[in-house]
């Protein structure tokens, strides 16, 4: 029983991989940000994401902690979130110490693809506004995410599983993710 | 309001970039090591850097903590320091846990350049004795600094901004750094 | 006086390098896993590694902490262990926060070699079953280990020394490791 965190930069297809890998298994799927906004609403602190972002930093941290505690009680659960979010002020950690130590994940999955593949997928996807990152910037973001994932692992003992989701190779990606999900039923 | 940490290996030009980016703004500039020696003097623990380095490790840690606390109270401030310092015993963290969690920076800036550029800048600079690192060693040091910066970010929630300071492109570097400084006046 | 942690992926030759570097010096050599199983036996919790791995996670963590505390009291000691262990569930941290902060190493040594060299050494070594990792996977494992070593450094202040153990260049590797061992006798 436990929490699996799934991460990956926009365009990498993390949700597709993990949902397919979990097909037929008794595992919940939640998005960290969605649980957080629900808690904010329940507390009357914010009605939507925009209001939530404008809360004082201390309130935001309190919300993050409450969210992590809530998710940690969900049993077998996959939490969709980010290692880092790219902002004009730099890479912002998605799971800082006060979150990751409450979340206590068993495994942090990083779904990756070749930077060129991600670049092309973002180009094709007209339905959402993506960052116009260059191939080099995409490579940098993936490298940064690996580094911080290892810091999260050092803080919690979580394993870090890198899953390659190459073009036309979803089955191979799912196969790589499977031992992580089976790991939930061990011990 | 807050603390911005600026880092970068010798020869990268971090001070030039950040001073130019902060021109005309109401932001203090301090060097971590200088604040530390001033505190050591005031306490009568050491009169110069050499004496400070010879203090028992516990005293040095106490000094680091006092320095971080002092800087954290300075308001809008840019602190010049190092992610790691290269020593014969290996890469020494400049901002270990007991420092970074007291400093609570909003952003950690890493000023970088291509390893070849840094190599050539160090060659030209006759005024100071630099490490005779090879291009590969310079690349390694920059990689190591990115990794530890992400650990600092995980511990504090700080964003990590990578600023490229290429030859003859100071304006572009300054432009990359600007959102970080403007971030001090947000929220 | 202090603890040196020596790490490196299978096939890199970390034990050879460190034993040669410590020749003639008054330094103990222990393997983290061996000390741990001895403590488990003494407590009557497990008789061998297999039984130890089947203990509830909380018991395993308690054992890790007891081991770290025991090693930290050994004086000048080199501890052979892993930055991460590659498992089907991903890279598992060998020195998570509750271990590394008890171990308080002075230096973490990472013995590395070119991924091709490690690949070939593993091929030649018929006496032990090695992971059939590709050259790319070996490169990834070494990159991941550098990243987590920097997180360990951030948590403890330990220096991180990278030692290259190339083919037919043991003497050069030993030379790189020497300042770390001499560092034990300083201060």
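Residue numbering begins at 1 within each chain, and the chains themselves are lettered A, B and C in the order written.
We adopt the following convention: contacts are C-beta pairs under 8 Å (C-beta built on N, C-alpha and C of every residue); 3 or more make two chains touch, one makes a residue touch a chain.
Everything quoted here is computed from the prediction, not taken from an experiment.
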At the chain A/chain C interface, shared numbers over all numbers used: above half (same) or below half (different)?
different
Since chain A and chain B share one sequence, what rotation angle in degrees maps the C-alpha trace of one onto the other, as a multiple of 5?
120
With chain centres defined as C-alpha means, what is the inter-centre distance between chain A and chain C in Å?
30
Of all residues in chain B, the ones touching two or more other chains:
147, 150-151, 154-155
Residue numbers on chain C that touch chain A, as the complex places them:
56-57, 61, 84, 87-93, 95-98, 100, 140, 143-144, 147-148, 150-152, 154-155
Mind pulling up the chain C residues that touch chain B in the complex?
106-109, 146-147, 150-151, 153-162, 179-180, 183, 187
